[in-house]
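When the chains are written out, they are named A, B, C, D and E in that same order, and each has its own residue count from 1.
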Amino acid sequence: MSLRRIGLVARREVRAERGQPDGLVSAVTFVAVLILVESLAVGPLAASRPAVAGALFWIAMAFAAILATSRSFERELEDDALDAVLALPGGRDAIYAGKALALTALIGLVAIVGGALSLLLLSLDVALPGHLVLVTIAGVLGLPPVIVLFVVLALRLRSRGALVPILALPVLVPQLVAATNGTAAAASGDAAGAIAWAGLLVAFALVYSVLGLTIVPAALE
Amino acid sequence: MSLRRIGLVARREVRAERGQPDGLVSAVTFVAVLILVESLAVGPLAASRPAVAGALFWIAMAFAAILATSRSFERELEDDALDAVLALPGGRDAIYAGKALALTALIGLVAIVGGALSLLLLSLDVALPGHLVLVTIAGVLGLPPVIVLFVVLALRLRSRGALVPILALPVLVPQLVAATNGTAAAASGDAAGAIAWAGLLVAFALVYSVLGLTIVPAALE
Amino acid sequence: MISTTAKTTSALRARPFLGAASIVALFVALWMALVWSPPDAAMGNVVRILYVHVANAWLAYLAFVIVFLASVAYLWTKRPVFDAVAVASAEIGVLFTGLTLVLGSIWARPTWGVWWSWEPRVVTTAVMFAMYVGYLLLRNLSDDLERRATRAAILGIVLVVDVPIVHLSVTWMNALHQLPSVLRPDLQPTLDPSMLASLIAMTIAFTFLYAYLMTARVDIERRRQARVIEARA
Amino acid sequence: MNSTASLRGATVVLGDRAVIRDLDLDLMPGVTVIRGPNASGKTTLLRAIAGLVPFARGERDVPVPTLFLGQRAQLLRGLSARDNLRFLAAFRGASPDRVGPALAAWGISARDASRPVETLSAGQRRRAALARLDVERCDLVLLDEPFGELDDQAATALAQKIRILAGERRTIVIATHGHPELDPSANRVVRLG
Amino acid sequence: MNSTASLRGATVVLGDRAVIRDLDLDLMPGVTVIRGPNASGKTTLLRAIAGLVPFARGERDVPVPTLFLGQRAQLLRGLSARDNLRFLAAFRGASPDRVGPALAAWGISARDASRPVETLSAGQRRRAALARLDVERCDLVLLDEPFGELDDQAATALAQKIRILAGERRTIVIATHGHPELDPSANRVVRLG
């Protein structure tokens, strides 16, 4: 495992995204639209309860991350671009971490914009903004390790478009619940709760990262 | 416009899905998982209010439809398969209606299973089951014309994975709201309301179908 | 590297005995559950569902832990027999998780007054069910022996994280569901002795049933693998 | 002799450059070979004749049934080669019964013909695409590097097929590198770039 | 002479059939040509040597830096040819400064080199892939139908490049149809199927 190589994969990813600068813009817009539509459908009153707002926000984030990761790997399959990386010495090991890193950066940005938008649209009051940031960072860290793992598992399979959410969403349930509760805790001023939930999220992120780094190279083809 | 050709495109679509019989299974599982996770995150109490349950159900349906359609067109781009159809006499005209037809069949099935599951999981009481069926049919009819239209418009554009939901969801808001209200009306025994909403949905379906049939052939490349 | 014969035959020989053992054990356990043990003070005879319910849930755990172990063994050794064990156990696990959900819902009707409740253990069980349906889907979607086995093994390892979550979910959030009364963290059961005995008997009987089903299903899978291996030779 | 199809002042712009500019082209029965170095616009020209790229200026007049076989095989994955070809035939109103024999004639066994196309080798996919020549039997045939990925035996079969089509007075347009043997018998060689 | 790389008893199964069965292969410096009809397993063999397909049985021993150029160009879309090649070079520890001159030498103008690869023509993409030969400079080079889509000039350049690499005692494995001129100078011709 070489950090330099992981960095190179992440940079390539970001650059492919930037060559199409709309990638980020559309991810942000996507989350915004999703939050809007969800709030509208659920009803603004229900949606502005911190727990519901948090849940909607995190579901939107999970979806955005799944879409972005799937897109990134579909792009690799076109013209067998992935083969070039896998055939490089150390390529197989670097790709999981590199993609996860790039995805973390992407959805981190999306979280900032989407989060600000949620707060604004739903005029939520946040008792502990610092803790909210902490929970958000922890929640963002938790998504990529799981999602990249499942996208790799479903790679080249038929119906993978549906398979990835089927596999990833149930596994993400504990994290989504933790992130939602953490968000609600931070909003309502429960400092200890927010920190506990953030800690749990970081623990999840670590467990899945280790799992992914260990077993993903075997699945890559 | 030849009905036979539209039927052929729809059959090809279904067959490509069926070569993978799990395509349908995974669509159904996807909706089930989505409903489960959404209800869980929003909180079961909030989720079992008919309006909220209906909203979540219809959002899940819209997403499933978007994913299925995007997948279907991505498959067409691989190895330029779409070119073969577009180069056929009448191919450009048949593809919109054929895809929309196949999609309607698919999400119709998904709606049956997903709907039954929602009713069960959220232990909803439905005052007017017949009207609920009517609203559901109308709602299902309304999604494909819009979604296929936007997937075609975003075809070959970079970032299309995020672009389609961005374009389609806002346009679908009226339909999602109508479907949600119709569902709630049928659940609470408001027969006139349910029929009115169903009518509105059918009107939407017609308008977008005509629009799609007229402008899609020009947009296809 | 691909040896098909040795282990399969020993399992084949054990199968009739496992079959007989599970039938006998089931009869004994049913008698204990339905006749010998007393009705519950609060629930009356409805309590008797408990024995099957808990044994069901136990099998779900057991099956998925076995999937996990077989998956690790497969990635380690790449021997197809472990893949066969993993599918077999996953299918049985999905079956019994499904039964837990259905029977639990039927039981919930008289005891909680609803078919379905959004209660942590019930929901986490449903989520676990969805996960392993996903596992079976992934298997069905890939048709190449080695690739499928590798991917499924990875998934089998990742998903096991949910088993402790299901079991401990009741202690995290207080809820309708009973706190663990048998497999308690402090290992002090809080149950009437005759009920506890019936429970243990049923659990043992179900475990025999699991072993029997496993030998049968693993055998089918081994044949299937052998056919594929032969077809390519 | 009347032309089968023609372009008048055709200009095709891709991105920010005119790949084809003010091209007049009359296609006659027999073989037309399009030659030119890489990136000279051969693929773009064939797609223009097939009506697959919009024109910035100019007219396209293609009144006859046209079969365009592109640089890629144009087969939908998830579907077998047989189902792909049957669909295309049925859509055109050609008999789908010709598909089986045509695939067999191009060396795709019945077993391979019923597997999803993504599990075929590159050459097999190309052969399956070429089998459309026998099924759809159009008057205007556009072939973009049809010899790519073919082994010698299939390449010989294709060369012969082209001769047969030319003998039937069909109009065949071929964009290709190499294969200089095509030029003497062609009734026109168009050079691009 | 010692072999650069070798397979022992290699068996590769795709779907339900053994595409390569119990193959022993020693690759020596110089050119090895792999020949065989379509679907005979040439691509699969090269991917097996490159370590891209799992073996059902057998061993693979490839101790030297390897460059695998596949039947497709392996360039990531969204990225320019230049960025693609710079990434691959940097990953290997080769100097990314070689990328510009290499692309120019293979006939990709600076302007085309900085456009997203999906807007290049098929032959341009192939040329960009071949430019990796000049950038990554590996001891073992695997080429899968490298002449596909190339015009005559590029094909000549490639043939010459192969001669140069062979002169440097590198090991070159080429799967191809046609191009019989390769065989006499090859130190081995492997026939499949």
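Observations, loosely collected:
Keep this in mind: contacts are C-beta pairs under 8 Å (C-beta built on N, C-alpha and C of every residue); 3 or more make two chains touch, one makes a residue touch a chain.
For clarity, every value in this text was computed on a predicted model and none was experimentally measured.
In summary, the chains found to touch both subunit A and subunit D are B, E.
Listed by label, the chains that touch subunit B and also subunit E are A, C, D.
Greatest Cα centroid separation from subunit A: this falls to D.
Taking each chain's centre as the mean of its CA atoms, C is the chain most distant from subunit E. Between subunit D and subunit E, the centres computed from C-alpha atoms are 28 Å apart.
Taking each chain's centre as the average of its CA atoms, subunit C and subunit E sit 50 Å apart. We define each chain's centre as the mean of its Cα atoms; on that basis subunit A and subunit C are separated by 32 Å.
Centroids built from CA atoms put subunit D at 57 Å from subunit C. Each of residues 14-15, 54, 71, 78 in subunit E touches at least two other chains. Chain contacts: subunit A has residues 20, 78, 158-159, 163, 166, 170, 173, 221 touching two or more partner chains. Multi-chain contact residues of subunit C (touching two or more other chains) are listed as 127, 130, 133-134, 137, 141, 147, 150. Within the complex formed with subunit A, the subunit C residues making contact are 75, 124, 127-128, 130-131, 133-134, 137-138, 141-142, 147, 150-151, 154-155, 157-159, 161-162, 165.
Residues of subunit D that touch subunit E in their complex: 14-15, 36-39, 43, 71, 107, 112, 115, 119-124, 126-127, 145, 148-155, 177-178.
Chain contact summary for the complex, subunit A toward subunit B: residues 20, 22-23, 26-27, 29-30, 33-34, 36-38, 40-43, 46, 49, 51-52, 55-56, 58-59, 63-64, 67-68, 70-71, 74, 78, 158-159, 161-163, 165-166, 169-170, 172-173, 176-177, 180.
Every residue of subunit B that touches subunit C in the complex is listed here, in rising order: 20, 22, 25-26, 29, 32-33, 36, 39-40, 43-45, 47-48, 120-123.
If you check the complex, the residues on subunit B that touch subunit D are 5, 8-9, 11-12, 15-17, 19-20, 75-76, 78-81, 83-91, 94, 221.
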